[in-house]
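Take a look at this one; I'll ask things after.
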């Protein structure tokens, strides 16, 4: 019993095990490389969703500009790959061989100096980690120090996404414009388009994703995680316990941004191109819905949500091309209205109490009190948004009476 | 296509076949079967494409949703019409064409994903699709790697040539140079104001235009401006045009911006009697949204107008309206999209095979005498030889043909002297 | 302004909201080890005064010195770290967390981002939590979710959370509001115990309670100090009776 | 270039700024009411505008077919109809969706985003994927030319007048009517408003519906200067949000001021730079100012 309760208490761990089984065993064995590559692509979005769980679920901060960081990470990697793909021999048809094709189309005759460092993979990797984080730091610092939050923050992040999109598209000589950077071929001479490379990249991606989940889990378990929950609940109290609340928000925003950057880089590697269509507002909002479907409080739930929505999107757009937008719309509305805590919430609300009840019926079970405590906790932790009134106290008082 | 009644009969038959699938095949398959027997599947399909004894599957990849659906719907319709007509004639090498349609959703990564699905999973024999340059650039590496065949309908910026793509629209020089020469000669235009939406096609086109104006016409470019896609306010730009007073405004504005641009031009008093405007981004499809009355008298340079007076086109327009409704219009790209399946059919029959490599090799020199635009021929560089035509916008949203190039213009995707 | 021996020296403090002076040129000194009670009718500016001291509201003019350090320009968290603790009018605790976690989070270590990441609940922390929990009478409810506590217990928990920080100046805004008679007595005892080695400012309306705990009473009215001194003296002041105690 | 020509350009450029101002204000107004007064983020605002645009298209086709004589006049009535239809749609959306989410403002954002996807696809199913062009009255589409070389767009003046009318109407309603009083009371203190007998649910629904109705009017008016298609609304939504946020959410006056500021900044930068850079600079300026003054240009200062 204790074991079971422990196991359920850390239901995320069970979810992680299930996810690991799915990602590392079931999917590679059951699908061909085309579908697996597709799943790999979805898993790059999962980085964003995991970041959003930390930022939105735990931090209570909704950013509608996560695509910016995904895009920046992706572009850093794509710049490296593009330079490698633009060697003088394969670009000899251009008027200036040796520079990326889109530069040549835009009458640029020499590689801009700020592109030079991207010839080196270590620099590119460093950049894809640092640049999104740095931008998040600047935006976050300015906003959170002035206590901007909630809706305002969401809209300002949207504006940032818009600015970056217009910039990237406008500066097409340096960025590839609307087309993005296409036709990425090799990394340090290793052809990333072959099936074997795809397998390897898929697993690298999956391992990185799990590392990210575990890191976030560790943060949640630390005092910082507790503080974030506390902040979402009573920000002023945290402040008057001597914490500089803004610093914590900046941290979690930077963390989410860095995860996005990694996801973006893995995207460039696995899909072979990067385009400004990830930077904009639409993909950023879609990524929020991935996290919402999975459950904004659950790291593993977010990954499941990402997979589910994307499978759904692919399946529906293949099977009902005229209807899939309606289905997407229904998904958005349905999740928000009926299941504010997504898949993970469904598990918490229905599956877990049911499991506990079936266990509780068995004779060898000790007094029911601790079970009640577990259920009430799950009720209390159902608060998706800090603004939502807490049902906990009444439920709690009723709890023992029912038992 | 034979008589009108005949075609209708075949059409309803093929429509039934669409809904009933294979069940209806034997009915019309009779003449085809003998044809198919002449070309055994093992022989015409050595690379495991989706070709059976009775059927060949092709992909269609356009945006049915999102902002680009506005433009791409016409292409979807035209390609479907062409395939239906081909099926009614007995198909390709005796095989009925079946379509798998995918939605690119106006999102380039989705185009990439779907193209991969069509090529790798569905093993389609050809794909008719894409519209924007960005979507084509996104799928191109996939077509080259997975060895697929793409029939791309849109006029575009050039600077590209691929074994795996047939470009049924014009590359930039085919569209730009004739139009500029015409305004210089007929309208005595010396100074030009270049306007574009901010992405690769308008920028590259304007680059070619500028070189041509400055180096070959000895004219002058007095302004060059770009606005973000989706921009809806052009009053400042219009004032700049008024200051610069160009002989000719050369406009490559696209999408929702297009409507705003022309409506605001008219409101600012810039009408055809005061200002010469030449555009390469307005077809009959765009005029649906702009309204012919808001831009009548301006000129566009295309290779096709719905109003072209030739028997091929009459038949095409008639069939199109019969299928999709009398109110539908046909623009340059829609016609180019219609060519795709026919060129593919002709190529497969010439090669006697569905194999991509054989089709790629056989494409050069394919002629289409039944093309609505008149006559087209595939060049070695996989673009089409085509004419350029100047049309003047009428209030009813149609073009009046003003001039056309005497000969077919050779496609030249990498024009020397324009880089 | 001169240095003083006072723990807290508020001098010429003023704050106005769009012209309305909620605190008007107020001066107030609190001694070491003193338990000061502030009373006054609604809208007198009592809570605003606490807000000003703890940095929640920024002053328009004047100075607030804590142990001779100027506080008016510091951020809230810096004021807390200097040693000022503040309890809010309605209990402000983390309802979703257990009593234990509520106290643990309030422990003054690992207050930076990376400090919080590295924080471990070591034995000294555990001892301190046990000690405080016993003090506030919640030692038996440590594992309970704080939202399930009774109203009075929530008030105590918030006091306990402040005690975790061991502040030199503790400010309590209506600590016994909504408490039963028994709970009030317990709270009075609690306050008596915890002010042994620190100064306190308490805002309260209940005169019996005030009489019982106050060392000194300050009466506020319309953002100004009306009277100050021992409870008996203040109660006898005719102006005070007029604005407050009279009705 | 002569002095008089230069003067004409200055006049026309000034008018361009004013005209953009009225466009921004008109699209921001409905949103300002909903967002500012109710705190609801309506991502489907653009689609409610599209309802207005399609209303014009429908009525213009009807009039063109059945009563061509009325062509010069139908537009004004059609704007009224656009208001009614968008109002009705807003009423419905509030009842079905929004009222369940008042306590979760960030979730309304997601739900209304879903709503906007659904509405776009609905437009596409009903009207087709291609853009349409309503036939507008001839008097609306030309320019007014008081002097040689000076052309003032009539549609610009029309939008400006309409904006003036709607803004005035909103001000009157909000500050002079019972409804306005109820709305303001509800914003100030929902519980209290409820307690003194204001039906806050009805007030909310009314407010949301009026906001949507104004969006419909804006969409209808914009058929004179922009496109009508399933995704036309998405062209406006971000700008509209920026206007409202920049102005300070709770202040209608702030919305007016911010629309003015953004319009002038954009039209002037556009005149001296190219369009893409102008957009970036305007947006950057807005974000920078918002970072310094996150509450927007005009916000109430209250005692906490």
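Per-chain numbering from 1; labels A, B, C and D assigned in written order.
Here, a contact is a pair of C-beta atoms (placed from the backbone, for glycine too) under 8 Å apart; a residue touches a chain by one contact, two chains touch by 3 or more.
As the structure is a computational prediction, the values presented were derived from the model and not from experiment.
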Provide the labels of all chains in contact with subunit C and in contact with subunit D. A
By C-alpha centres, the chain nearest the middle of everything shown is A
The chain whose C-alpha centroid lies farthest from that of subunit C is chain B
Just how far, in Å, is the C-alpha centre of subunit C from the one of subunit B? 76
Inter-chain centre distance, subunit A versus subunit D - centres from mean C-alpha coordinates, in Å: 33
Centre to centre, by mean C-alpha position, how many angstrom separate subunit A and subunit C? 42
Whole-Å gap between the CA centroids of subunit B and subunit D: 36
Each of the following residues of subunit C touches two or more other chains, namely 56
Expected list for subunit D, residues touching two or more other chains, is 120-121, 276, 279
Which residues belonging to subunit A are in contact with no fewer than two other chains? 166, 169-170, 322, 325
Would you pull the subunit D residues touching subunit B in the complex into a rising list? 1, 9, 12-13, 15-16, 19-20, 23, 120-121, 124, 128-136, 141-143, 145, 149, 151, 153-156, 224-232, 234-236, 266-267, 270-271, 274-276, 278-279
For subunit B, which residues are in contact with subunit D within the complex? 64-67, 69-70, 72-74, 198, 225-228, 230-233, 235-240, 242-243, 256, 258-260, 263-264, 266-270, 285-291, 293-294, 397
Seen from subunit D, its contact residues with subunit A in the complex are 35, 39, 41, 43, 97, 100-101, 103-107, 109-111, 113-115, 117-118, 120-121, 125, 238, 241-242, 245, 249, 276-277, 279-280, 283-284, 286-287, 290-292, 294
Using the touch rule from the top, collect the residues of subunit A that touch subunit C in their complex. 219, 222-224, 226-227, 229-230, 233-234, 236-245, 247-248, 251, 373, 376-377, 380-381, 383, 390, 392-393, 396-397
Would you mind writing out the residues of subunit C in touch with subunit A in their complex? 54, 56, 75-77, 80-81, 85-86, 88, 92-97, 101, 104-106, 108, 110-113, 116-119, 143, 145, 147-148, 158, 161, 165
